[in-house]
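Labels for the chains are A, B and C, by order of writing; each one numbers its residues from 1.
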Amino acid sequence: MLRYLLRRIGMIVPTFVAVTFLSFMLIRLVPGDPIEVRAGEHGVPPERLAEFRHQFGLDQPLWKQFLDYEAQLLHGDFGTSIVTQDSVLHAFFQLFPATIELSVCAILFAVLVGMPLGVIAAVKRGSGFDYGLMGISVTGASMPIPWWGLMMILIFSVALGWTPVSGRISDAYFIDPVTGFMLIDCWWSDDAGACTSAASHLILPTIVLGTIPLAVVARMTRSAMLEVLSEDYIRTARAKGLGGLRVVVIHALRNALIPVVTVIGLQVGSLLSGAILTETIFSWPGVGHWLIESIQRRDYPVLQGGTLLIATLVMLVNLGVDMTYGFLNPRIRR
Amino acid sequence: MIKRNLAAAGMIALAAAAVGAVPSPAGAKTLVYCSEGSPENFNPMLNTTGTTFDANRPIYQRLVAFTPGTTKTEPSLAESWDISADGKTITFHLRHGVKWQSNKDFTPTRDFNADDVIFSFERQWKDSNPYHKVSGGGYSYFGDMDLPKILSSIDKIDDYTVRFVLNMPQAPFIPDMAMDFASIQSKEYADALLKAGKPEQIDQVPIGTGPFELQQYQRDSTIRYRAFKDYWGTKPHIDTLVFSINKDPAVRLAKLRANECQVMSFPNIADLPAIREDKSLQLMEQPGLNIGYLAFNVQKKPLDDVRVRKAINMAIDKKAILAAVYQGAGLPAKNLIPPTMWSYNDQVQDFPYDPAAAKKLLAEAGLPDGFDTDLWAMPVQRPYNPDAKRIGELMQADLAKVGIKAKIVSYEWGEYRKRVQAGEHMMAQLGWTGDNGDPDNFFSPLASCAAARPGGGSSTKWCNEKFDALIQKAATLSDQADRAKLYEQAQVIMHEDAPYFLIAHSVVFMPMRANVVGYKMSPFGAHDFANVDLK
Amino acid sequence: MSSTASAPVQATGAAARPMPGTLRLFWRSFAENRGAVLGLSITLVLIVVALLADVVAPHSPIEQFRDNFLTPPVWAQGGTARFLLGTDDVGRDILSRLIFGARLSLLIGIAVVALSLAVGTVLGLLAAFAGGFVDVAIMRMMDIVLVFPSLLLAIVIVAILGPGLFNAMIAVAIVTLPSYTRLTRAAALSELARDYVTATRCAGAGPLRLMFNTVLPNCVAPLIVQATLGFATAILDAAALGFLGLGAQPPTPEWGTMLAGALQFYQRAWWVLAFPGLAILLTVLAFNLFGDGLRDALDPKLRR
């Protein structure tokens, strides 16, 4: 296990350096200038522009900028926003809990709804339920997220008025961001309704972001279950007279879990893509929202640092998935 | 069985939602303002956007203030001022007993005084000031208002008297001092932060003299202010002011309707009729100090021919643009300056919409079959132009009818403005928002010969000597009536040479709950809640 | 063998065209899957509509009817039969825009898939054949691309190239590249271990011939499946870019761009939002169903 772990970590380091390089280079290629973007119709006189560029090191040769950047990173400094003058790391940690909260809810939603549905579909293979679920699942996987989100708002928030339109909590509540997770912080609030409000704000974004993972999880659970159910030891267990539910839950599901966990892990990257869109639609103050804004503002340091942090995170999650996989399936550890 | 469980889960979720959607107002009087974006930081000196200015206005004050709802000035942190006969020396007499706000790391030991004034200007002006480079040091407005050139010295006479000496007389100097960039920061706070080694905090955790102090800022989500109990002026009626940030105007309106906020900024014009109908809402409106236009690059063929420019002016259906895109939120423009500004020439007659005449003019200019051109549309919404791409499409369709094939072109916003100023376009949409209410603030930066140089502010590159002489002369005179005459003549010349297709002056709307009282719309587009109350 | 033998007999009949055995087997197993047939049918309809857009569409997709801003669809109150699905905010017929948009969506699918398939196949084969450093370099590159959330990467690429339909297609092609590369490499590696490859190699076939004539044809099945599913992904991603204002520029009737244009009006006029989204959903769904069916039919191991 340790050797496996070390090998996986060893692979991460060069990837990380390459990722810093790629994010650095890509962002330098984006046309437009952060200073120019900020100026309104007035524009900026060239001499002042030159002064600013010098101050942010943008007039240095590219290789020097890159080396400076790597040196900064080694000191744990992810840069400072040109627009807000705030540290990128500071902003990231302010916003990231919102993204995690939403993503975790979406994954939970996908797993808690998708796995049971997949199990039932497998058990009742070929039934109307099975066909219906597979139809819904492929539809869910085909969903254009921006449209889906807006339709949900249109129906549930605008027409029916059941759910709030956007944001994380009603502005009437004053929440001290102790952890940054609204569902936790709301317990410290004096107002009784704070947690209800936070929960109600989560409903639509969770469903929208969870739709594609739900489709994938349901499908994957079903096919993994089908495979396991047809194996000999399950037949043996059944032949031994073990009850249907017990066989399904204890024997089959445990073994079907491996591919499902892998699939959930692989969803993290696409979940973040979905989060960018979902956060944009629901004005969810998370990192996706923040990165889109920083592209529009040509805020190089934020874009660079933010992409790097996200990419690092995806790498770590992938590592985590591999670990879990190894834990669930001891054969891999060798 | 599964179905029933799902349905039950759904019911619980929806029940939770229904309760959550109606928040209980928290004891004290709270006003929530649905604003359109996050402030860049908490220092108006560094910024140029209205959104940032709005977020700073509750906190900071200036020597001079604009009287709410007007372009007139009144005393604020300066109780009075004297201007010398030659107009070059201005002496401000500062207000006594003005308290600074505090936060958990800083408690002021003294009141506001001359040191604070000098610090706030020297920070923007002098390289030697330790704060000059803090937070990126981009003092755009200070430069745009030409203050580095105009200012000669700022001296402290005593703790409550400050003297500004100018290099030249400057009529709009007092209104300039009421602009947001001229906000006053605390020197004592600055010194304390410098000692603590975190000077940039001054622009992140602000200390001001205004009616509200910052309580909490949650990025991209909310800004919370509470009334400052030691405020020197009339205490605000509300105890808590909240800016609830949301980029989508439809969402802001939905929140306003649900009474989740009481005032909102920049509604979708498409929603105005519905807002007017809603009994629980009121809608305030005011023409903005702005102009949106399509600029012809007169240095490029065939737009160098005034007949072609006139033909385009007659080929585009301005009414359709105002109906489809501005939807009543715009006044059709025929002059570069808005009608609310003094010296506006109402005698000028706009070009009629007449495609047949346009075709004839084109034929006279030797282009009976029209020509190919580009038509630039900026990628962002601007106060004077709600949707440049839509307007571009409408213009494109109209131009096609007289044989002009226009291709819509767009660039990233900073790039767009730079390329237009370099004169790369043939036709480009752009516009202007006034800073201080003076006509010179429109004509000089947009249409003077100096601005027509490559990279200059003019997007037409139009240089008419007669026009230029008139506006140059008007800028040096001090009598407003004399100036107005010259500007009126200049507008006639501009109309005859048609360097623009002038689109519209937008109207600014502010929807709010019916129980909001005391809100005054600012001609500059500022959002100010100091005097607002809830019935 | 028996079906090939009977083929000449059938060929004389007018109706039944001869089908090589494998193809027929494939079709039989494909046709069993109702979802797949449905997907294929929708796809065919879409292709026909796209090809005949000029004939089918009641109006020009960019003509503005200035008296008909935001007309509701025909069945809603205030609707007119002139505009079956209503008009948008500058008075363009939504149905016609959707019909012409079908062309663009298919174009996006074809272009993106062709591009990433071609490049991905070559890279994958190269990695499999060259092995060693080249293999590691190529595959590490793909890993790195995968570490970025695909939409974020696509947005950055479009920001570099500038917004527009063509650039959006390039961006989507780049972010979908790794899946083709990985797939080709894996398939080629497993083929390379087989005896017939060794035999061909011993017979003196050059590496290029070995690559494209011997190995590639045997990797085609998974690539076809991936390409069909890739079609769906391409359309979805391009629509997301269009929604963020980075895809096709107006007045192009691209579906994602239409969604973006609907943002200001959707609370007042649901149809400007609902129909373009439905069109995207239906198209993507069709390709997904079709692709799933293909996979099941081509790869018996994966069936059920």
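Quick note on the criterion: contacts are C-beta pairs under 8 Å (C-beta built on N, C-alpha and C of every residue); 3 or more make two chains touch, one makes a residue touch a chain.
Note that this is a predicted model, so its numbers are computed, not measured.
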{"item": "Chain centroid nearest the full-protein CA centroid", "value": "A"}
{"item": "Chain pair, B-C or A-B, that carries the greater number of C-beta contacts", "value": "A-B"}
{"item": "Chain A and chain C, separation of their C-alpha mean positions in angstrom", "value": "25"}
{"item": "Chain centre separation in whole Å, for chain C relative to chain B (CA means)", "value": "45"}
{"item": "Cα-centroid distance, chain A relative to chain B, in whole angstrom", "value": "37"}
{"item": "Multi-chain contact residues (two or more partners), chain B", "value": "248, 254, 411-412"}
{"item": "Per-residue multi-chain contacts in chain C, two or more chains", "value": "159, 162, 263, 266-267"}
{"item": "Per-residue overlap in chain A, given as positions that touch at least 2 other chains", "value": "31, 158"}
{"item": "Complex contacts: residues of chain B adjacent to chain A", "value": "2, 6, 13-14, 16-21, 23-26, 30, 32, 40-41, 46-49, 133, 135-138, 140, 143-144, 200, 203-204, 215-216, 218-222, 224, 242, 244-248, 251, 254-255, 258, 260-261, 382, 411-415, 417-418, 421, 430-433, 445, 455, 457"}
{"item": "List of chain C residues in touch with chain A within their complex", "value": "35, 140, 143-144, 146-152, 155-157, 159-160, 162, 232, 236, 239-240, 243-244, 256, 259, 262-263, 266-267, 270, 273-274, 276-277, 280-281, 284-285, 288-289, 292, 304"}
{"item": "Interfacial residue positions of chain B with respect to chain C in the complex", "value": "248-250, 253-254, 268, 270-271, 274, 317, 320, 323-324, 379, 387, 389-390, 392-394, 396-397, 408, 410-412"}
{"item": "Of all residues in chain A, those that touch chain C in their complex", "value": "14-15, 18-19, 22-23, 26-27, 29-31, 134-135, 138-139, 141-148, 150-151, 154, 158, 223, 226, 269-270, 272-274, 276-277, 280, 291-292, 295, 303, 307, 310-311, 314-315"}
{"item": "Residues of chain A touching chain B in the complex", "value": "31-33, 35-46, 48, 52, 55-56, 82-86, 91, 94-95, 113, 116-117, 120, 156-158, 161-168, 170-174, 176-177, 191, 193, 196-201, 203, 283, 285, 289-290, 293, 296, 298"}
